[in-house]
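Scrolling down, you'll hit the structures one after another.
Each of the next two complexes has subunit A plus one more chain, namely subunit B in the first and subunit C in the second.
On to the complex of A and B.
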């Protein structure tokens, strides 16, 4: 499904001039479909169709005169089918579809074929025409992609998406360490004497990534050069054998950004289990057969350990929530000027976990919706803050059922996974800073 | 498992059923989903029928969901399947044609049927009703040759029909036993404004009269309680509806006026849900089980039932029914939300304005409990939520009373950003 547009209202910039309304009514030859009204007490407020994902106006229409377009996302209205019952207006909580007495029927915003007149007319920047893709595009499109075309990640792998986004933002003044794992494996560190990246990139050992980066950073600081040093590591290079140097660098407060791309195993070398592999997972070293039932112990949860190091910034992220990731990347970059910043990004692996390549983003979303993955950030001053609510999760079975590596699990195993997910959420809640009043 | 087994079985293919189906598929893309309808037509809305009578809507353009929609949702629609019995012990339903379906989860979304008052001489076949497409087509055909029409009942459906027949050139008389039109939604003044419009368009409005006798079948003679005698080439009985619960005769599913349901649209019997016109759920303002047979309500309840049937954790339990309707007549426009007809007193304050359209606002403890408007634009959907959220209007009271449209929009824009 294509990304869908919305019109965003920035109340602080609106001075109530009404130019948007004039433009709408001129463009449409009827009453304005956008309405700017005086706020309660102060400022200006706006009512406009939000082109809802699951529109109630459509559900309320007895005539089939309204429908949501699967491609553009626009809720369209048909003059021919409409019978003027106005039941649609009862469904809308936003004043987005209303009866227009002059026209004699209901009216709603149709986004003016992609160039909304109201947005063009607003000279104050109080209306913005945006879509999820447009939002990301707006901020990142002009920036340079730091990797060569044609990286050879598996089909459906989200690591490539992630590292391209990350390095586009960080830019040229940077040095990348890519310890053994899928990220160098897909060609970022180069082939045949040619590099895969436009910034200096090197291939440390699994064991010394953070130590090397810390040293490099210090050397540049000594020379008075401001360089971002960043690790693009896998879970093996962070959770297992890389942990000792990671822990030391974090404890010393090295000014490094360490990104762990967690696919819960050693996937590029043949899908062996890592410390991050979760309970019940099939891997080539935790097989499923007469005796083996997949991994028999829980995974190590590194982000929590990193909080214990008192890092300047720790956060978890999912590529199904890229806005959230970008916000955290900004904070992590700022924090890495003063101390150690750690980002833990979940990377479901279609090849090793056995799910269809087209489903990766859906799998990421399900992980989060079920609390299997929680999205949060931590600083020593503010404690932990969930960036997406953990209340009312889906059952974890909804996620587990999507993944082949869990196919053999019995109901009792699912219960155990659910219990450990619930327990982890409770534990994390304990890291929240209570408001002073409490 | 037999062929005739569904994980989700929905009886009734209209608003409540369709919404439940969509909600189930949002959560469970796989479980077998079957919808049974006693109709031979694709699903349509009863609300569209007055427009079928008037000719504004073509009968083959009114489907709420077409075959492709069912295919896209991997759901099976079985037409001509009338359920006559529900057996919760066997988790099975029996059809009029002898067929049988078993289910894991069953939704009863059978809607309502015309209620015909017991009147001497009023017999089946001697009058028309308006609930199904076939009813509408029959009225349409008959209206073409009729001259005098009598509409029994001045509720929403009766008035719609009366307008349609009047516009088609018939001599129309509306008989209603309550003192004014649309008594369940509007106060006397608003009702008078609506009633006058009908009179101005030549419709004879006999309010506060009761039909006592009928003789003959179209043309028929009708005798009212005040002695008035009427003749009708076409008699349309639209004096209310009753929930379609016949299929539950002898079953343990608890009913009062309709099927009793909780906040998740569950009946008292495990594995059986009910939603829409057939269900009786709690009223928001009264806190007691009510029948709130409107289309938006059927949609809301259908969605909740579907989510609960599929085990969707995002379900927000039903907040309680609020009366809500909007009504267009002879180019004019009326809206009623909540308890708009509440009389002054007992804590309720009533504010009525009449310049620039009629507007009646009912507040209790500075919270909105009802609003009725004629020829005045308000956003009923926002007002509905102001009632449901019990939004305190103290800071904006005067502005709300004078400018309900703009003030409600401001509260919305600020309050649910």
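On to the complex of A and C.
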């Protein structure tokens, strides 16, 4: 799967020559799908599809003719499904989709199979084809990795990827809490006098991570020193025995960034169920047998509870959408200067959930495409905002069937999971701030 | 403000909880975390008011429970803060998980235990069962006799905890009800002199969470891997050394306190009218006052009775206890809690253990009183003295005397 690409417009370099439009028109044999337009002040602006993370054109389309591809990130248009209502053009604030009179229907940028003609045609460098990898490279390549090589995470685990990305961004002026779980289990805190990290790192108890971080932060605030204190916690230390201290620290608005890496159970110690374990899951304490059919209740959905604490920032993330994660990490870091910031990152576990190690990112993506996992962010002022649309999800069965821990489930169980997924989306939609005009 | 941290000592009237809070003001901690529990609540209320009034310039963390109280202080201490809190009974039980970890991290914090009997039966009154239940956790434990001793000892405890040869957390225990709410005249030492006495906090030079000194704090240690066992044993032995050092260090601190402030407390065990005594009673905490009255009354009757007050209980001052007991022919030991291992109290056990390490062999009479807020009066102590005198003559009770059994 390709990383998610976009076209960047650099207005300072644009002289309005129109070569890009000609190239697009020629490549597509129709009207140009991008337009150079006069800017508000001096210079030029570009009407261009941004391939939005939460595309309004897709949300507006009543026919299912527009869809954001989970892999490429490209918002695609289907001639078969389109009913020519043009509601999509009203949704887009960027002029990225418009009626093309020569073609007789709406048209939009499809990124020319990865080699956009407009970019190739621009001799001024005003258009740049930017992959997600390139963007991350631009912002993070020169940053130091804060963990030693050779952490011993299971094959296919996305937690190592996540913590390396996270701490590269946060850097050395930080203190990391890694409560008991997979993250210290892979060697980040070290063993017998040796450390696995270049930054100060410690094992809190499973129960007290947020409280300890709050105490650390208070003392550095007292000393007038700007130190980022961050938890790299599992779901057990957040939703179960760690919940009280997390709740208290959130209520007190401690200036802490708490990242919960949710693999839906105590995977480091042999795959026991946690409060986050989802309905139907096989775990070593919710086994499947003559009578037992896996976990009999739904998981506790912590991000929603954190919204209830009025945290400065709450967001969910998936490592299949790293761009989205990095954007949220930036916001969470900024928010943690003034209050409690909470990131909930989903971490499918190949070892404990029983799927091939090479499939982790695909599992992550399928979680999101099926709404089993929704991507959103929340602030008390702006309410909840989905950063990826939740309309027209794949059936949750498409996701569940990839995972070994669900293989015993009956059709009725799948219906129950689908119903609870649908209910959760509906509940989350209720946390959106409605425009004042409505 | 000046009233709370005067430039010269002065007299005030307050209870033990307020005395502890005023001692904390004098010690100038960086971070204080609080959660209320009977009979400690007025102590943390005082602290909160002192912070609100600007008298105590500490970060105040109103945590959601004792578990987080101590956890927040652990974090603050690792970041270099002088720290303080207070708890009691069920609060101490809830705090247990971070509590038991603190000594191994060698975090020199001071925590007052306003002692309370343990549930169940449900009770909210004084007793030392809470503190005695955690006597093997690695915290230094000190018991106070009166309100002035509470104030002086809380200040001294910071110096003890932070001493480089000790580096251990300290519990200063004062009895719920009798000291928490008992009001008396107290001399407040001068703040400037206390600053000189305590010096700058030095709490995290040995272990720190500090970007300027990156390290892994408390990685996995031990196991059967290379060097694991040696490493773990090394840490444990140094912890034991810190405990052992506390005896001499606390004695030196008391001597300095006496020189600076004119009050000379016995740091380990106090001997009261013991030198020519035939028998002694052994006390701990606030009961000592009534015990001394009973000794005085017995002396008035011509009976040669003395008293041994235990101030430092962990580490147990074995040498000082042996030296005191070697002066008498029998001793009656009064516990304000029970041991479920033997049919006696925990102090009784410790005294017996100490004696076994010496050639001194004298009969001991076990007494248990003051549970769940019950009073131990001079009359109760008269019974202890009588039973101890009988024991000196060979009539040793086979099981403890329950002082309040018929009250």
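Assume the second predicted complex is superposed on the first by the 315 of 438 C-alpha atoms of A that agree within 3 Å, B and C clash if a C-alpha of one lies under 4 Å from a C-alpha of the other, contacts with A are read in each partner's own complex, and residues count from 1 in each chain.
Note that in this section a residue touches a chain if its C-beta (ideal position, glycine included) is under 8 Å from a C-beta of that chain, and two chains touch if they have at least 3 such contacts.
Remember, it's a predicted structure, so these values are computed and weren't measured experimentally.
Visitor: Now for A:134: first (subunit B), second (subunit C), both, or neither, which partner does it touch?
Guide: neither
Visitor: For A:37, decide between first (touching subunit B), second (touching subunit C), both and neither.
Guide: A:37 sits against subunit B, while subunit C stays out of touch.
Visitor: Going by the contact rule set out at the top, does A:219 touch subunit B (first), subunit C (second), both, or neither?
Guide: A:219: touches subunit C, not subunit B.
Visitor: Just checking: does A:192 make contact with subunit B only, subunit C only, both, or neither of them? Give me first, second, both or neither.
Guide: Only subunit C; A:192 stays clear of subunit B.
Visitor: Identify the overlap between the subunit B-contacting and the subunit C-contacting residues of subunit A.
Guide: none
Visitor: What residues of subunit A sit close enough to touch subunit B in their complex?
Guide: Listed in rising order, the residues are 9, 11, 35, 37-41, 45-47, 54, 56, 59-60, 62-64, 81, 83-87, 89-95, 98-101, 104, 392-395.
Visitor: Touching residues of subunit B toward subunit A in the complex: what are they?
Guide: Counting only subunit B, the residues touching subunit A are 15, 19, 26, 45-48, 51, 56-57, 61-64, 295-296, 299, 303, 311, 313-314, 324-328, 331, 333, 335, 337, 375, 377, 379-382, 384-385, 395-396, 406-414, 416.
Visitor: Contact residues on subunit A for subunit C in the complex?
Guide: Per the touch definition, subunit A meets subunit C at residues 172-175, 184, 189-205, 207-208, 210-223, 227, 244-245, 247-249, 251-252.
Visitor: Which stretch or stretches of subunit C touch subunit A in the complex?
Guide: Per the stated touch rule, the residues are 30-31, 33, 59, 61-65, 67-69, 71-81, 97-98, 101, 208-211, 213-223, 225-228, 231.
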